[in-house]
Structures are given as structure tokens and as C-alpha cells.
């Protein structure tokens, strides 16, 4: 799809079977809606509310040729690269976090030309999703002007018809699929998020298909009691799965803090053994566990309880 | 009191915030500098972090690692979406932004994208994040960086975040109507930009630093005006407050 | 069962919602029709109201007066901002929209802005509200209106909400790529638009209504195809449910 | 200011003294920041969360030559017209509510040419505030195209550089002053709203000066306990006043329902006596009460308690 092709994007949305009914399903069935070659947008930001449950299941289903987009991409990006599942990443930043330095896996894959890295500024990428969410081909902005990001991406400049000033136009970004992990959802897909909203709302409206994991599925009465906490309406959502600790060992605001000791070990292994280490990691954490429960068991209940306590201390 | 280069950097950055009401800051030294300013001469300063936090408080010893994690939300007054928080800057609500980069050139342009040729980089760096947005949209921007020759290059390999581009009125001509890089704060000196050419200029040296030190650590010709002053060294109070924020010295 | 013109209108509009999953509706007859459909043949229908409510339930006897008051929020599942709720329609999430107006012409254009010349109107009406947006952005739009000669005019004084503009492909040429007026539901008939010319056409008459009745109440020449059908009269069940929603007959 | 002049709008914002400190003040002092000829944007929608306290005080201060903008304008628009305070209204709808028919006062003032009526579609007006809130000169949209609203307003069409399709560009609307009534604010101006957000957030960011009344001023700890409920940051607000029942007899979500019997009486008087009736109304409800308490006393405590009960029934 051409950048900003809102006509095609809307036709896809209209052609899709949609319903206002129930959407509860399994991780397997939800992830099964992703096709080889799809553009998959990932909710959350860096190691916050990453939909790791869905991402692991997509890898288990051995998808190929994907485009991944995310505002700040964390080690899930490395997984898809090492697994040979991704051809292109669209992001404003790729790493694990300042203390862990440059991503060795990403450098190998991008510098060798195996994976294409399309860089946008953080705001520009946010506006691309927002344009798509609004069903328009672009949004005007004052960011990115004059920088080499203009030529690297597909942004254009225009002369404002009202003021004569130069503006940057960033084209809408319409993902095929959006993956989100939220705090609460009802069975119709109405979603509530606590704390940081990140870019999830725009991503959900921008994508053709929206797959959601929720830390908790709540009842009809509960969603109706606080409708002003709902940020994504069920009518835009296609699948909902209850996945407690769905972002673990990344963080979920107020519920559990990220487990940085896991990050330390992950990076230390890659630093010591390179690509081999990430394959071992994928085998252990992605391919081996047959269920989300088996995955969580690898971390232990005590660690989860500790991270949950820690979260309450920070933002309780 | 003895002090590290990172401590000098944090103290000098904090001092730039006198009278500033709102600051766009990243994690690490910039956030430490902001917290130090808040606890000393800028009690009303509102810290804004791109991950989506307005008015958070730093927990001593539990410094945030990323701009969008819970630690940055601690005691915040608002948690807007990321796009919306940048739009605050685009509208003109943010007084000052702090930025950094892997490379900086004589016109204050920053590179955090790649080393080598664009199409096939020798080193693919993490990327802009919000750096490009902060430098494009805040009222004033200060670069906060260690002063190293490999970092201060004649021309950046890639303009991730535009300073004055080719100098003169190039920035304005590119459509960047607001904001500008007003200062470069390093562990050796405070630098600014000459009014017309927009070339980098030494504004003040830190105590014990010579012009030769600065030159040795800069990969291009700096403007050196007559009679450059010297900044006050970090005070005991500044260092004490700073160290209380980062007792494990993760950033200091 | 005897019934009023408003009741026929509400029942006939409700019947158009079979298989519809999301509906943009205003208060009054449109909201009553939607609630009726929900309680009969469209239980999964999500009602969306422009004031900012998704999935509200109508409280019998306490019908909302405006699209943005608390009564429209009763048991809602989400309360987005007004701009955002219209953007749902712009993106293509809304199946059907209901609209009305003070005037409608043969191409389905609606006027709710003013009577007389634009610059110095004889009657300044309230204005578009969301009517223009609904007709421009929803997948399909149905006009729900009483059928009166002063309302069905050859040409509206002002195009507040574009139907097919001058007919043919004029709507598409104006840049309106999505949606269209698919039906006009009145208390006398169901009307649609001829494929090529986009001129208004009688699709079905309500029980007891003749072509002459429709003509007498229409200020322009309608297309009248051969063998027009007749709609089923409102059933007792439909009327009972409807009246239970508006026991004071504020709208019925 | 020309439509969409974001450069001038930003310079005004930058020139304004601003602070991150306390902003608590009185209705009188807050309203005193409005100048003759200002463009005043009104928060809420129709009879929901209308900032009536501020509006009454502006009338008491006898401002002249104002522009009023509001998405759906209710009888406060009639007050300003009858008082000779307004030259121009920018809105998508003007009335009191469907049951009360056309606004007689508005018709007289507009049809006689005394007041200019600039009409935009509801979304288009929302996007005008949103463009201004984002500091850009316009936003692209698919609404209003082909309609006579295009020529009536200052919207333009453009050919999309990405897709070649025709788009409508609505120019940013930068009010001088925004008036809002919110549920809760702290003394720094951080605002929280329950229920309908209406267009308040965009209006606050669009205006140069932001005046807020809050049903309740809350403490520092309380705002920090639920930062994800804050929708307007203190750094954009200039004045905050605690005004319980600040929208009465209009509604405030969850706190009090609108008193429609008051609307009935108001319209019946105007229907019977015309302009004379509205002057009598203004004398009684706007000019006579020296304080907000005196104003509320005109309605009686019992009515307020009834409307509060009613609100809890609806959305409790």
C-alpha cells in the first residue's frame, strides 16, 4: 500500500467482516489472523505494555516477511530479526534501554542489509498512526523539517495555503494488524488502560485488524460503570484474549514493574555468545512453552509477586 | 569536593534552568540535572518526559532507565499520550528541551541515527527517538553532552536533529520557525552560537579547564572570543543533592 | 393498532437496521428507532451518538433532549470526545448514519442552515451540527424525516449536508469518496435514488398511502417505478416496544 | 488574526507571562483577563458543562465586541447577543435544545445583520480547535466537501500530494481566551473531567489564555494519585477558581442534571415578551447577584439537591 493511501485503507476496513458481538478467543486463534508479509504495529512503548504474549505466538506460528512498526522498539525486535520473520522495521528508536547499549542483533541485521530500518522522529511516527486513525492521508507538522529524516522517509514538504509557511507532511501509516496489551477489556473488545496510554489508541484505529490481550476480562456492568475510562471501543477490535502478565517481563503500569535482571541476563548472553544466544533464548522462552502458563512458570511466581509489589510502590 | 565529569555536566546543566518553568528532559544526566535544579534554584520547574509524564518526581536511588516506564510516572500530575506530549512542544508550551547525540557539529546539528553512508551504514545507531522533535519544537534547546573529539565532528554523518543546519538562516529557511539550540553544555565548557554565522563558540570554561583542553577535545575550529569567563565549580550543596539522587552512581 | 405518523417513521427507520452493527444517531425519532431495533431484530447494534457516547441504553420515559447530555451516557460503554467520535466515522467504522434537515431536494441534499439568500437569510436555522459530518463520512446514510411539501423542495436554499449534489457523479467529484444517502425514510414512503442520475425515487409506500399522497407532499418530480411495493404496517409488538420507550409521547 | 496563523498564535503564547506556580483566583479576577474584542471559546457542549460562572462575570464586566465560538451554542449565546456584547459567533449549531425550537433572540440578531453567524460542521469546528491545539495551521478532512459550508467559511480544498484525492483543509482556530468548567483541578491548574470530555482539551491548548472554574479544588496528593485522570496540564492554564455548581442550571456529568424546568420558564418568557424578557432575565440572574452564592440562592438548595440526585441515578 502506498504511503497515506487512505482510500485503499478504508476499503479494506469496509470489506472486513465486522461485528459488535463477542470477540473472546485464544492467543493461538488471535495470532492466527496475522499473514506472511503483513505490517504489524506493536502497542506499548519500549519495555512498557509490550504485547509479548501475541508476539511470541506469532513467532511460534513461523510468520515470514513481516514489517514491524513501533515507536520505540525493544528486544522483541531482535527476536523477529533473529527468527528471520521480519524484513523491515519502522521506528524512531531501536534498542533495549540506555544501560544495555546498542542492539548487537539489530546492528548485524541492518548493517548487513538483511533488514531495512525506516527511521522517523518519535512525534512523526505518532502522527503517522494518528493520520491513519483519522482516515486521512497525512498530517501537517513542524517536526523533521531540515533533517536527513525527511529524505530517509517518505515525508514531503508543502507550502501552507493559509500562511505561506513551509510544513512537513507525514503520510498516514496503516498497519494490517495492531497488537495491544491493555489492563482491562470486556468481551466485546472495549478496552481500558491505566497510566501511560502510549500510542495504543491511534494504533488501534489505524490498523485493519486489531488483536488485544487484556490483563483482565471484565464484565458488562463493570465497563458500563466507568465508560469514561474506556479508550478503545469494541467496534474497532477483532479479537480479545485474557492474558494475565501479558507483557511480562516488560512492565504493565500499576500491575508489575519490568524485571531488569532478566534484561541483564539476556544481554549478557548475547554479548558473550552472539546470535547463538538469542536462538537459545527463543527456544526456551518462545518455542518451548506450550501455553502462557508454561511461559510464566519459567520466571517463577516469586519474581512476579516481587515485580507486582514494586509496581504498587511506584504508582500505587 | 572532588567530582566526576558526569557530575560537572549535571550541575552545569541544572544551572541553566534558572527561571525556566517547563523542561522537556530525557533520562540519565538530563533528568538528574532537572531534579537537581528543582531541589535548589528552580522549585517551580515542571519536568516533562516524552514517554508521557508531566511533573514526576525522581525517587533517589531508583532512577528511571527509559522515558516511558513507571519510575517516570512516580507522583506525576498527568500522563498524556506520547504524540500529545510532543504536540505541547509544537504549540509552544515547553520552555526548554535537553537533547544529546552521538555526534554534534559546529552548527549544533546532532546525529543519533547512523555512522557512515546513509544507505549502508557502518554503525546503525538507535535513532532519533524524540531528539529531532525536541530540537524542532521547544522554545530553546540545550545540548547536554560529554565533550569528546569523536563526538564533536566537523560535519555529522546524518542530521537526525537539526541545529542551525548549514548556519546563518538555514534553519529558518527549512521551515523551522521556532526554537533554536541556545547552549551546548559539556563537562569542559558552556558553548553558544555566534549571532550571524551560527557557528559554535566557547561561552565559558569550567574551573580548571583551558582553551587548549577544549580545542583538543573538539574536532572542528571553535570560535573563541576574548576574555572568556569561568563557571563557578560545583558547590558542596549541589554535589550532595545530586549524589543523594543517584547514590549507586549509575549515571554519575 | 392505530398509530401516529411519528410512530410509522420510527418503525420504518428501525426496520432499516437489520444486520447493521453500528449506527450514528441523533436524539428524537432516530434514537427511538435505534432503541426499537435493538429491542427487536438488531440486538447487537451499537448506538453511537455525536455528543460522545458509544453503546448507551435508552431509559424508558427519560429520553434525551440533546446528543451530549447525561441521559445519552446512561450505561454507555465509552464516552469519547466529540471530535474523536466523528473521526470514527471518517475512518470508516460506522455502518449507518441517520440524518434530517429542514429541507431536502431531489438529490438528497439537506439544508438545516438558513432559508433565503446566504448573506442575509430570511430565517437563520440552528445549523449543521453533525449532520454534514454524518452524511459525508458514514458508510451509508438514511434520511429520516416527515414527508411534507415545504420540506421536499426542488432545490435546497443551502447545501448544509451533501446528498448527491447535482446528481450523477457530482458527489464523487467533490471529493466525497465514501458513503452516500441510500434511503429516505418518511412517514409516507421509503425512497431511494436512481443508480445513474441519483434522482430520488419511490421504493415502497407505507400501508394506506397512495402515489398521489406522496406526490402531493413532495415539491418536485419523483421517479415512480412500475410495481412499487407496500411496507408491512407497524406490528403490535413494534408499537408496544416503541411506546414503552416514550410513554409520555414526547416524540411519538 | 488570519485563519490558521499559527506563527502569530505561538508568538502570543510565548510573549505571555506564564508560570508553573499557583493560579487560584476569583471569578472577578479571572474574567477580568478578557478584553473587548477578544475571541472567547466556550467549553462544554450545549447545556453540558457550560462555564456559566465565568460567562456571567464577563457580562457583568460589560465586555464588548467579542467573538464567541462554541461547538453547539446554547442560551448563553442569546445572553451575549441581547447584552450587545458579541459581534460574531462561530459554531455548528445554535439553539437551546430540540424541544424549545428556534432561538428567537438569535434569529433577530443574525437576520438583522447585527451579529455575524459563521457556521462550520461539528467535526470541522472540532478539527479547527485541534489544529490550533497542535500548533499547526490546518488539518485535512473529508467532511464539508461539496457543501455550501465550504464557501461560507474559510475552508480550502487541496489535492493530496500522496494520493491525488481532493481534501478539505480547515484552518486552525486560535481563541484569545478559553473558558472551561471542569470537575476537579489542583491549585496549579491541572484539570480532571468525568464523563463527556466534549472539546475542552483542544480548546484549552488552542487558546492563548485559559480560565478554568472547577467544581472542586483538590490537593496535591489527590491529583498525583490519579495522574491518568488529568486531561489538561497546569502549564497551559492561567487561572483557576473553585465554583461549585459552576454550570448550573446546565448539567455537570455525574454531579447534577440540567434543570429543564428552568429552560421551559426562560423560553416561555421570551416567547411571551420577546427581548424585554431576556433583559429581565439578565438583570435577575446575571447583574443582580453579587456572588456565585447569591446566584445559586435564586434556584434554591432543594432544586440543586434534586438535580444532583438525578445525575447519580443516570450515571452513578
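As written, the chain order gives the labels A, B, C and D, with residue 1 at the start of each chain.
What we mean here is this: a residue touches a chain if its C-beta (ideal position, glycine included) is under 8 Å from a C-beta of that chain, and two chains touch if they have at least 3 such contacts.
The structure displayed is predicted, hence computed values, not measured ones.
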Contact-graph separation of chain A and chain D, given in steps at minimum: 1
A-C against C-D, pair bridged by the larger set of C-beta contacts: C-D
Inter-chain centre distance, chain B versus chain D - centres from mean C-alpha coordinates, in Å: 39
CA centroid of chain C to CA centroid of chain D, Å: 29
Centre-of-Cα separation between chain C and chain B, whole angstrom: 57
Multi-chain contact sites of chain A, meaning residues that touch two or more partners: 7, 134-136, 141-142, 165, 167, 195-197, 227-228
Chain C: positions in contact with at least two other chains: 53, 73, 79-80, 87, 90, 177-178
Contact pairs between chains, per stated definition: A-B, A-C, A-D, B-D, C-D
Interface residues, chain A side, partner chain D - complex: 2-7, 134-142, 156, 158, 160-163, 165, 167, 169, 171, 194-197, 227-228
Residues of chain B that touch chain A when the two form their complex: 27-28, 50-53, 59, 62, 65-66, 68-71, 73-74, 79-83, 86-87, 90, 113, 118, 120-133, 136-137, 158-162, 165, 170-171, 174-178, 250
Contact footprint of chain B on chain D as seen in their complex: 7, 10, 13-14, 18-21, 133-136, 186, 188, 190, 205, 223-224, 227-228, 230-231, 233-236
Residue ranges of chain B touching chain D (in the complex, touch as defined): 21-22, 44-46, 48, 53-55, 73, 75-80, 87-88, 90-93, 139, 177-178
Chain C-touching residues of chain D, taken from the complex the two chains share: 45-48, 71-72, 91-95, 97-99, 102-103, 106-107, 110-111, 113, 117, 119-124, 126-127, 129-130, 141-149, 152, 157, 165-168, 195-199, 201-202, 251, 253-254, 257-258, 260, 311, 314-315
